[in-house]
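Would you mind keeping the following structure in view while I ask a few things?
Chain naming follows the written order as A, B, C and D, and within any one chain the residues start at number 1.
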Amino acid sequence: MRPPPTQFQPHDPAYAERVRTSFARQQAMGLIGAELVVVEPGFTEIHLANRPEITQQHGFVHGGIVGMIADNAGGFAANTLTAADTSVLTVEYKLNLVAPADGERLVARGEVVKPGRTLLVTRAEVFAVKDEQWTLCAVMQQTIMAMHGKKERTHGSAQEGARHS
Amino acid sequence: MRPPPTQFQPHDPAYAERVRTSFARQQAMGLIGAELVVVEPGFTEIHLANRPEITQQHGFVHGGIVGMIADNAGGFAANTLTAADTSVLTVEYKLNLVAPADGERLVARGEVVKPGRTLLVTRAEVFAVKDEQWTLCAVMQQTIMAMHGKKERTHGSAQEGARHS
Amino acid sequence: MRPPPTQFQPHDPAYAERVRTSFARQQAMGLIGAELVVVEPGFTEIHLANRPEITQQHGFVHGGIVGMIADNAGGFAANTLTAADTSVLTVEYKLNLVAPADGERLVARGEVVKPGRTLLVTRAEVFAVKDEQWTLCAVMQQTIMAMHGKKERTHGSAQEGARHS
Amino acid sequence: MRPPPTQFQPHDPAYAERVRTSFARQQAMGLIGAELVVVEPGFTEIHLANRPEITQQHGFVHGGIVGMIADNAGGFAANTLTAADTSVLTVEYKLNLVAPADGERLVARGEVVKPGRTLLVTRAEVFAVKDEQWTLCAVMQQTIMAMHGKKERTHGSAQEGARHS
């Protein structure tokens, strides 16, 4: 029998506020109008209302925007499990675009699959919601690095500093 | 000995104009200020000037924006090799972020690695250019699908229609 | 609310026998001693007993072997949903190795995430089972191509013919 | 202008012997008959003669075997640049299979793209050589972790210990 999903215990009791503050610092999320709606241990959900500015000519959300919220949903899910003095960065991610992002809004769900001390592996799914019908439009698998003892910086790279996407 | 890089022969003599027109249709590229600077058979180069709107708080370009131009550089490189009546879509891509996108501008280079009839495999590299010093900040490997006999639509997915990122 | 997992309806009522026959043709699976234990619509499970021939010096299963059964679990999961005259091939996969493959046996589970007509996206997880304790040791995200009207060939590539890994 | 490829300076003057010793420890490489032919700073080349034991029914090398040598070529390329007391492990890799592995032998070339202190990003290409004609059959992008101050162990995972594939 397959074991039940891991129940994650956050190291930082104030993880939710810390993650929401980090999200709020991301200008790019504000630019596209993304909202961090759910923050739980090892899980986050980002919502994005469809707007002309982020669409393709037929009104679907641009794939690059889909990738941005998938990457962030996974990265912030990892961030919920790190210590208060630890920031995270995206090492890499792999994204499959499986259907047009056709809906009034997108919902990106990120979850931690493996919480290692240095590296955390996450997955994300992005759904397009149209007339309350959910359509899976993208799936992602991602590697996140925890930068222990480094204050949050909302940019950087796997090589230096820390970042979310 | 390793063979020399493939010399690509475009099927469509008007490939460059077709690809530039497709790029121009992408609102998202205009939104971030990206320019398609080089279009050659199996190769494209996209430039992006650093601007506050696309940065993180420390002035580096947001990783999600880096991914957008990497994805497009690869997708348009594939598009240079397709027939005039064929559009392309991103099936999937894998992106490693290897350094902060710290510079006055970014240069994304996409090249076709394997031009199959239905699927094309591409790679892209993104450099941050600061005081004319080039720093590699991201590398991507991508799968593109050719939609034969389908007119360009600048969105869609691997399942339906055609898209660039 | 998140929608329930898709219930897959196989096109081929004899999908299970077809998939088991295809698996049996794979010499490499026999070489390493892998068994196809579960075959359901959109899902397969491959078991592999740990043996000295497939281990590293400390008795863990070699990562390359882990990748082989993950790739096959996803590919055969896709194959359960194709028509009787359709074979499948691995376009690409991305594998994260998250823990040593330390156990008496490995269990690889593959499931279809998005069943497109031409492309199917799958995921796989590989567990190491030791004293009936399950440890996740690898996760994979994969793109599979359906070759309609092509008889099974147990090799090939995304460009020509058909294959399982 | 694009910068020239980085010239890598190995930290360990005895890198070649160290890497060859590590390769020799890998039973799985011996099992399939792979040879480490070229070892240079940031680059390795693995050759594999086609034999019935590693083929599919049509005589092509099994895709899982292709993945094993691609993963190893990238991992050992990274290992050439680490210190004498540092071992490496595969965090993850993404492999595109682009043509059948049809030839008398395969040649896998791995190169370091970004040598970070903790993480190294590599790429690999696998060619099938038939009548001295080279055909690209797979391309890989990979993340490798350097385990500083840890003696070589030829297995393990990104979470514990060290490994090559």
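The criterion applied here is as follows: a contact is a pair of C-beta atoms (placed from the backbone, for glycine too) under 8 Å apart; a residue touches a chain by one contact, two chains touch by 3 or more.
Everything quoted here is computed from the prediction, not taken from an experiment.
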(request) Determine which of the two chain pairs, A-D or C-D, is joined by the larger number of C-beta pairs in contact. (result) C-D
(message) Are the interface residues of subunit A and subunit B largely the same numbers on each copy, more than half shared, or largely different?
(response) same
(message) Taking each chain's centre as the mean of its CA atoms, which one is most distant from subunit A?
(response) D
(request) Indicate the whole-number Å distance between the mean C-alpha point of subunit B and the mean C-alpha point of subunit D. (result) 27
(request) Can you check how far apart subunit C and subunit D are, centre to centre, with Cα atoms defining each centre and the answer in Å? (result) 23
(request) Using mean C-alpha positions as chain centres, tell me how far subunit A is from subunit D in Å, no decimals. (result) 31
(message) Give me the residue numbers in subunit A that touch at least two other chains, ranges are fine.
(response) 91-92, 94, 96, 98-99, 114, 116, 121, 143, 158-159
(request) Under the touch definition given earlier, write down the residues of subunit B that touch subunit C in their complex. (result) 91-92, 94, 114, 116-119, 121, 143, 145, 158-159
(request) Using the touch definition up top, name the residues of subunit C that touch subunit A in the complex. (result) 2-3, 94, 96, 98-99, 109, 113-114, 116, 121, 123, 127, 134, 136, 139-141, 143
(request) Would you pull the subunit A residues touching subunit B in the complex into a rising list? (result) 25-28, 31, 52-58, 60, 62-65, 67-68, 71-72, 89-101, 137, 153-161, 163-165
